[in-house]
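Right, one structure below, let's go through it.
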Amino acid sequence: MAVQAPTAPADVYAEVQHFYARQMRDLDSGEAETWAGTFTEDGAFKPPSLPEPVRGRPALTEGARQAAAGLAAAGETHRHYVGMLTVTPADDGSLTAESLVSIVAVPRGGPARLHLVCVCRDVLVREAGELLVRDRVVTRDDRP
Amino acid sequence: MAVQAPTAPADVYAEVQHFYARQMRDLDSGEAETWAGTFTEDGAFKPPSLPEPVRGRPALTEGARQAAAGLAAAGETHRHYVGMLTVTPADDGSLTAESLVSIVAVPRGGPARLHLVCVCRDVLVREAGELLVRDRVVTRDDRP
Amino acid sequence: MAVQAPTAPADVYAEVQHFYARQMRDLDSGEAETWAGTFTEDGAFKPPSLPEPVRGRPALTEGARQAAAGLAAAGETHRHYVGMLTVTPADDGSLTAESLVSIVAVPRGGPARLHLVCVCRDVLVREAGELLVRDRVVTRDDRP
């Protein structure tokens, strides 16, 4: 068997779990600016739908606002579930966090449905004690 | 960025994760009295379907029994998944635990389906070393 | 109320969460031999579809290869989500880990769908510092 890369200790793991719970709650609540503030100033987010990453908090805020407006117009709420999380410390002090993310769509009046599943690979760094995303790459299983 | 409220340390977070895994297992197994015993004596549970909370272990037990009987009559099992959990200590020693809960319905013969998604906000207190729910408020995204 | 069995401390709980995230990632990626290496040499896996457990790494590898080939032929990816995990230490040093596992199927082109939900009961042991499954029993709610 291959030797596994060491994983983050329990306190860091719990901190990262809290980080995602709050970050996704901000996103799903339409708190676009708060959500963008969980990235570094020049943080990059490469979603599967775009050829290039969205970079920097103003662009991230704008993207989240547009997504929230689209959902509001459609009368839907999205809920992101992060699961199957691994957190691996790198030599430079950053953390690589890999997870599965399920998005559940809830139309007003129901029923809820599984919208899509994606793989999220983040590089997290700590600034002034807070974890922030420096780089996020999201991929989907249903797209080439 | 706003400063985040401090979250529970890793040992408490793991304890709360275990608490929910067991509590929901009791509920989904129809162990109504055991489930009600995870609330304080005067614990309150405000589900989205009722205008007032159910209060106290006898009423909680009866509610869980009725729910289990309804599922048995329908030939279905429900499974509650708690995710996206944050645990925040309050000054009085209680814990505020917020989570997303997905309920999967499994009819005998299948297939499983996503039944609904709700937000659960609990106040947890410790009595004789055990965590108990003092107050639970559950809301749904698909209802006004 | 019944006194609860003591649960694993936070560091072990985080380790087991990482264990499952990696083990299921191996399985879902078709890394059959790596996946089988997360069982002990004589590890047993009793799935709901078979009358007897699959035993030993060569048989486990072969089973995972066949499953991966079937999915590839069907143009689907499966993703296993482990949730509602409890980890309980036994007197012999082993850990009993119980969880709900949701399997999401993602056809090429989408949409993702909930495939099935099962209950996983593992006995985990530590060999040379690494956690391994000695015994796995998986049951389904939709089957007698």
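Per-chain residue numbering starts at 1, and chain names A, B and C are given in the order in which the chains are listed.
We adopt the following convention: contacts are C-beta pairs under 8 Å (C-beta built on N, C-alpha and C of every residue); 3 or more make two chains touch, one makes a residue touch a chain.
Since the structure is predicted, the reported quantities are computational estimates derived from the model, not experimental observations.
J.: What angle, rounded to the nearest 5°, describes the rotation that places the Cα atoms of chain A on chain B?
T.: So the copies are related by a turn of 120 degrees.
J.: Copies chain B, chain C: same or different interface, half of numbers shared as the threshold?
T.: different
J.: Just give me the whole-number Å value for how far the CA centre of chain B lies from that of chain C.
T.: Chain centroid spacing, chain B to chain C, equals 25 Å.
J.: Can you list the residues of chain A that touch 2 or more other chains?
T.: 10-11, 13-14, 83, 114
J.: What residues on chain B touch chain C, complex-wise?
T.: Residues 10-11, 13-15, 17-18, 20-22, 24-25, 34, 37-38, 77, 79-83, 104, 106-114, 130.
J.: Considering the complex alone, what residue numbers of chain A touch chain C?
T.: Residues 1-2, 4, 7-11, 13-14, 83-87, 98-100, 102, 114-117, 140-142, 144 of chain A touch chain C in their complex.
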